[in-house]
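In the two complexes that follow, chain A is the common piece, with chain B as its partner first and chain C second.
And then the complex of A and B:
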């Protein structure tokens, strides 16, 4: 699993570098994100700009991260989704649960 | 000109998650020989395929697990077929069901509950579990079946106790 991470002020921006966010990467991704939260990260932006598709395993990892963050008054913004992935969020109504933004700039502005 | 007689396409399911995308591309190419999908329908079919194949990679022990597509206007049926043990639920209720036409909430594993309607002793239909109430608190972390349910017009599971055949049957209106 290839990720890049960068802090912009107190916001941790994670960019998923893989094209496929799937079963083979979901568990590792979840563990890495939960470690970041354990280490004190509370404001997260996850960019899917390189991701071509994601499956339910990876979505489950995102749900787990959000469930961990919310009781800690944390915030998670998902950004730069392609149309297929955005459709998945809409169809499953997860767009009502997650904060979705089209660009990194608009994501940063939500904090 | 679209083919009006039922057309069947059978493809062996890959065993590596990283092969899913190229596999789906191949399936869509095959489908494209017979029907033209709208963009919305193609997106739904992609989601269904991703989740059926992911489920197969995660749970099937059958090396010959198969995906079968049947075009029978106005429906497209996508079946994932394998030979193996039937689905086992956590809890007392199991297949074969005693009572038909009953709606149940079953759990496939921790954090993976689903509403179903029993349609036969060895068959059930998946229902939309979060139609009326969706929140992060009640949302599971495993929801491949939920994605297939909302992306399709009908999603069923059937087990044949004699042949040990498990079939997930997904129907999409064309």
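And then the complex of A and C:
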């Protein structure tokens, strides 16, 4: 899958470049994120600005990354979700476990 | 579906030549002039179906590339071929020892190179299908089912359920009915996050835990859904085997004497009720978070009164995925409005289900729906 990543201060900002975040990408995404966490990343922002559709496999991967990060006092902010995906997060209470922000700027301000 | 091949060679002319050969024969190619470039491509795109690499390249050579791939869990099983002009026997053996499937000399005629690649892809496909049919056969023999054969018969309710698999493979949706006695029956709908066989496999762990949690609570005379879900979640959370596997669940407790329902859920989609008097759909949203995420998650239950002909719908997320103008989206409101229209026009249940399943222009996940209907009061 296509990702871009950059550090803004000590915050790792990941932008998913694919339109569809699905099963074929979920495992690879999880591995890459867990590698970042293992290498010391604790403050993460993941931007979905290019993503139009996200399936439950990919959601599972996101939850796994968050579960790994929390005991390490890490933080994961998810940002720039389209309305359909945001709605899915709310419907399934994922909005209770993730920090969701509408823009990159407001995401950065949470750290 | 077109297969993707990653070609790695420091000679651009050769790369373009093989790219053209493969593209003309239906393959999608990605090309890299070095191992570093290849690794960037592997990180940024989907895992390819085949990797073909040269041996002699500046910086890192083909052997080093292969060794690095073998250390990567995601990539170590991708078929790998060496295509090189080095044709020393010792070298060939070394390449094959690195679990490269084959070695091809660059002076081989292009048609033969293509045939080798085609045969390899065919063999991989056949091997996959054979393994799949073996697993299916074993599952069948062991009577492993995450969807039951039939629903219990009750006095004041009927239960119907439908499951449609994704690409003819079982998935992570699971359904169960646990009839405790003539009065109480539990209805369960869960969805392990993920798809196909992986999710299917884990659904049995979840199903076992659900059955145990319900039975153990009932033995203690406790029918409260929040208690059942709390215990279920704690045991799932404690299971290291399920550390990064999560599931949604909806549980309905049916009281066949009082003709009422109780509902609780974790990370599930809202339960939908069709009110036969108002001719409208009402949503009931549970408050629990996904099973296995947090040790002390809290749950609460909702009571749902049911008049004659009222219906309750439980669905998994595959039901609300739609493809419109080639774009996929999840849309609960669209699902609700379709359901509302179908009910308003008095379509029979089978037709409704058929419509909801098949009108997805492109199904992207396994889909399940359970429909509970309150039947007419019996006349004594």
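List of remarks:
Here is the rule we use: the second predicted complex is superposed on the first by the 111 of 111 C-alpha atoms of A that agree within 3 Å, B and C clash if a C-alpha of one lies under 4 Å from a C-alpha of the other, contacts with A are read in each partner's own complex, and residues count from 1 in each chain.
Here is the rule we use: a residue touches a chain if its C-beta (ideal position, glycine included) is under 8 Å from a C-beta of that chain, and two chains touch if they have at least 3 such contacts.
The structure displayed is predicted, hence computed values, not measured ones.
Contacts of A:57 after superposition: both chain B and chain C are touched. Chain A has more of its residues touched by C than by the other of chain B and chain C. Residue contacts after overlaying the shared chain place A:27 against chain C, while chain B stays out of touching range. Of the two partner chains placed by the overlay, chain B and chain C both lie in contact with A:97.
Once chain A of one complex is fitted onto chain A of the other, the partner contacts of A:1 are limited to chain C, with no touch recorded for chain B.
When the shared chain is aligned, no partner comes close enough to touch A:72: not chain B, not chain C. With both structures placed on the common chain, the touch criterion links A:84 to chain B and to chain C. Chain A residues in contact with chain B (one complex) as well as with chain C (other complex) are 20, 22-24, 52-53, 55-57, 59-60, 63-64, 67, 84, 87-88, 91-94, 96-97.
Listing the residues of chain C that touch chain A in their complex gives 43-47, 73-74, 172, 191, 193-196, 199, 243-246, 248, 267-270, 285, 287-290, 293-294, 317, 321, 327-332, 364-365. Remark: chain B residues 16-18, 20-21, 43-44, 46-47, 50-51, 54, 57-58, 111, 130, 134-136, 139-144, 146-147, 150-151 touch chain A in the complex. Across the complex, chain C is touched by residues 1-3, 17, 20, 22-28, 30-32, 52-57, 59-60, 63-64, 67-68, 84-85, 87-88, 91-94, 96-97 of chain A. Considering their complex, residues 19-20, 22-24, 52-53, 55-57, 59-61, 63-64, 66-67, 70, 83-84, 87-88, 91-94, 96-97 of chain A touch chain B.
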